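Note that the chains take the letters A, B and C in the order they are written out, and that residue 1 is the start of every chain.
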Amino acid sequence: MNRYFYYNVVLGTMLNLMLFIPHILVKYRYTGAISSMAVAVVIGTVLSYTFTYVIQTFPGKGMPEILYLFLPRAVVIPTLLFMAAMWFIASSIALIGYAVLINRFFNPDTSAMIVLALLCLVCIYAATRSSLSVMFMMEMGLIINTPLILFILMKSVRSENMSWDAIRTVANYWQQMPQLAPVAAASYLFTGYINFAIYNRLTPPNFRLRYRWIVPVFGTVFMLISFFVPIGFHGTETVVHYIYLWSVTSDALIMNYGFIERVIFVFLILYLNLTLIYTTSGWHQAMEFVKSCFPANKPDVDQRKVPLSNWIITSVFGVLTLLHLYFFNEKESFQFASGWLILRLFVESITVIGLFILCVRWRRASS
Amino acid sequence: MKHKPSIVALILALLAAALSGCGFKDIDKRFFVVAIGIDRPADNPKNYLVTLKLAVPSPKIEPGAAKAQIESVEAPTIAEAVRLIKSYVDKELDFGHCKIYMLGDSLAQQGYTDAINWVSRRRDIQNVAYLAIGKPDARTIIQSNPPAERYPGNTLFLQFGKDGTESSYIISTYIFDFVRRVGEHGLDPVLPIMRKEKEEYIITRVALLDKEKAVAALTPSETEIFNQISHHMTKSTVTANVNGEIMVLSVNKITSRYKIVKEADGSHMLRMTIKISGIFEEAPMGVYSADWAKLEAAFNKQYEFEANSLLKKIQQAGVDPLGFGLRYRATHKGSEQTWKRWQTIYPQLKFDVTAKITIEGTGISD
Amino acid sequence: MLNRISTLFADAKDLNALRIENNEMIIEIAYISSLCDESKVSDFILVPFQKEQQPFDLILERNPQFQLVHDPAMWTHIILRGFVLLSVKGKIYSLDTARIIRNETPLTQVETAILGPQLALSEDLVDSINIIRSRYPSPDLGIEEKTVGSMSQTRLMMLYDNRHVDPNVLSEARLKLQSIRIDFLNATGQLERKLNGKRSLLPTMMITERPDRIVNCLQRGKVILLMQGSMFAIVLPATFYEFMHAVDDDYDSFWMTRMLILLRYIAVILTITMPALYIAVVSYNPELFRVQLAFSIAGSRSAVPYPSFVEVFIMLFMIESLIEASLRLPKYIGSTATTVGGLILGQAAQQAGLVSSIMIIVTSVVAISNFVVPVNNMSIAIRFVKYPLIIPAIFFGITGVTVGIFALVCYMTHLRSFGKPYIRIFGPIKAHAGDIGQVREE
């Protein structure tokens, strides 16, 4: 059972590459990225431990149900809608980023809009499934993709083209003071736990989460890799020129004896899968948040017949995503993403701490 | 609701009709570019002369069956030249399999910035393609047709890649590596120089470049030492002249290590230790019974001298292809000052190379 | 009684409606002679009735084989199932004298195993249950009888192990069986389709003829459906992995069978994706594979006038017709047709420049790997899955293939076989730790 929690954590951590996080960190490499990452580890760990404490107090209940326990409907509904927006934005940024990447590397002659429409269609379909199905889908996807991704990462770390001097040079800048933007970006790597705001509905009554140390350990290791490896490949100066840093980095690798020679294609296919899973999961949660606003809604984690409301809500998400790509270019999208990351840090901290306070109060009152 | 599936199918079919033709291009309607040469023509140095080697696929794959089509066009910019070439050929150009980007010698001398800019911006160009300098110009090299090629460009691919030949005179440079060196503080690019002799390619020398143009070229023997120091190339040799006899050691293992230290008088010294072990490949009879320690000492002395003069030559060219500057930055406090200081240190840097050559065997025991 | 029956079966020449009498009484009997074993009729009814050693009504009361029929509405039904109807002193009895023509001790043909049992299920329910019961000697074996088909009135038997079966599965199976609306039920596959839902892409129930597989499944708490007149049984619920599992995997060498399981998964992936991948690589992303491969594909395709997807459709059409033809043709011609078609057509098509030689390889890989799937109904379902995947490949290349596979995985994860997840990695879960989705908020 525990493993489903960690699937979310691992997915969130691995997907950081798609959300411009390495690029943001690299931008601050001389001005506080290292110390920001250290701060982010602390923040991420504290938040994840706090949050897991809350969800273990209410097994089988998602965040909407917990909020309804304590707060009046008038307060809860705006909160839920806001949450839905947060989840939706996160996954849509990743999806849009990916559509652009596909347009660049796989289908240069098809417009990014059409590619995005295809991705949206399949995500709409996938997100309308029940929570349980989404969870199984995430499991399947991760089990198939993660080993290969780890293999590529290992290959990159061990590559002889990596310049350790460049990495050491950047690491020497650890004394700089941390800054908000890189802290927000780096703390994103630890944020997979927050998906249990909805998926906690699936937890059995005697749910006990173990091995919580995985969150900080995996997050830290992955953060270091995703920050330092591109520096090792592209040097301390050139590294900042690439927005899709990791796709360029994976292009610097070749598998001499592999079936597919250029690692970038394997990498892109794997991350396409991850992005689809991430978006599906994000939209599904956003959809559940929206649905929880209606008083008639009864959460059903294994609903076989997909209700029409699911289709309507996710289709709206799809259309909004398409509109975003239509109105914003690459640069604006990136700024939007970095702004969103900062906002996310605050919203997430407030949510988790708020929930924690409610939870502690409730425990006191009931004991 | 009864006809739901048929309606869905109809919508899909309409969508499909709207989409069709988006980038659908069969493999036989594409021309694979296998190598590109970029030159500055002698009569009009403001223009670019772009030469493409296009693979002509044939159903038969056997030695000598490779056919290639060469197209070259002169234009004020590279992008324009490539676009012009498109109107010369009957199929769509595909750069996806292009592995060789060759800069003409004169282009490298005059400044390569625009060419590299084009290469690194184009999305369909591999980051792991090879970059090289063609002498006397890139076009001559691209045009030549090695007689035993199985398919077009194969000789070039194999010569640069590690799948085929592994020569100590070849330093292959990936595009991403080159681009990183162009931007990096404390690390400068190098490129192999390719020449043509009869219908074959020869790579024996390496060019040193600064951030804008080529500044010097190493001789073949210097290239070998450079390769030994920077890439620990084991398929190489060490040569020494002992008492008028030439002895050649084939290398089994190389390690090199260096440190930049501050001397008592405030000047900086680079101390480099190179450990090489190997087996005699060429030596006079009687070497087995000779005193190996003495031989090693002779080897050490000659190697140290050669390495020292190589480092001096590089230093005098004002470039840093071995990344001493980056090492200095990596081992000192992270700040702008460190880099500024290094820029004043490097021209005055002194070198102290210690070679430790070990003879493992003599091949035969006389 | 006789009048009524003769009006019901007015046009049935094979109806025997007799009135016979001995010293004591007059009885009426009615049966369809073609359905019944006439010797049984004479042994049980005619002879004792004529011999008069015992009063015949006493025999009827004492012999439990004679059963009292209360409802006249059941008469036709009873007669049609090969029973004899007797009317004695105003009471109506029935006696089972059915003579069922069936295959005698059949051998496995569809799902063969080299070292496994060679006996398959029988087309007769009783024989099949005999085979199963003798292999599964347990008092916990529950057997329920159902009838499905408004016209065919096909008898079904539902078998399960009381101790292991999941009650939710059992009740869902009962519910689904009840809700089936069909006139005629001829084969197990038909029943499976009815239970599965009409447009299901993949089967969620296994169809098997192997008693050893059935017994294994019973022991693991599955429900078995047997049908009169079919030598195949339905096993439910089933997960995707079980379809990839041959019975041999438990009988043969451990390492080899593990490798074979892996090979089957690879084969399934290949057979589904190869045509789509071919289109994607040839028409969108030739830079995906090595330059050597790209050139050899380009070389062999240079004579082909059509776009890649037409080529794929030509070859797939050919191979599917070959498979279909070899299935339809009489056994002795079947192999000739395949040889002729496969060898000559393939060779000629390539030489004529209609398809590339790589495409020939792709087609054969697709066809061969398809038959690696051990369970036949899955094999056929998978045969279709490659077609939907070709469409995104035509329009989006490798992206389309990836997205298509993702959609397929989504579809599969949303499938449930009688409430059980269809495809889920690491099935069993520690009971004390609980499972996700265990609790439903009502």
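The working rule: a contact is a pair of C-beta atoms (placed from the backbone, for glycine too) under 8 Å apart; a residue touches a chain by one contact, two chains touch by 3 or more.
Here the structure is a predicted model, which is why all the values come from computation and not from measurement.
Between A-B and A-C, more C-beta contact pairs join the chains of A-C.
Comparing per-chain C-alpha centres with the mean over every protein C-alpha atom, the closest match is chain A. Separation between the centroids of chain B and chain C, computed from CA atoms only, is 63 Å.
Between chain A and chain B, the centres computed from C-alpha atoms are 39 Å apart. As a whole-number value, the distance joining the C-alpha centres of chain A and chain C reads 44 Å. Shown for chain B are the residues that touch two or more other chains, namely 19, 22-23, 25, 124. Each of the following residues of chain C touches two or more other chains: 284-285, 287, 291, 397. Residue numbers of chain A whose C-beta contacts span two or more other chains: 107, 110, 262.
Chain C makes touch with chain A in their complex at residues 284-285, 287-291, 392, 396-400, 402-403, 406-407, 409-410, 413-414, 416, 421, 423-426, 429-430, 432-442. For chain A in complex with chain C, the residues that touch the partner chain are 1-4, 60, 65, 102, 106-107, 110, 115, 118-119, 122, 125-126, 129-137, 139-141, 143, 199, 201-208, 259-262, 265, 269, 272-273, 276-277, 280, 298-302, 304. If you check the complex, the residues on chain A that touch chain B are 30, 104-105, 107-111, 114, 161, 163-176, 233-239, 241, 248, 251-254, 256, 262, 264. Interface residues of chain B, counted against chain A in their complex, comprise 19, 22-23, 25, 123-124, 126-128, 161-163, 174, 176-177, 179-185, 187, 323, 326-327, 329-335. Residues of chain B touching chain C in their complex: 5, 12, 16, 19-20, 22-28, 30, 32, 34, 55, 57-61, 94, 96-97, 99, 124, 151-153, 157.
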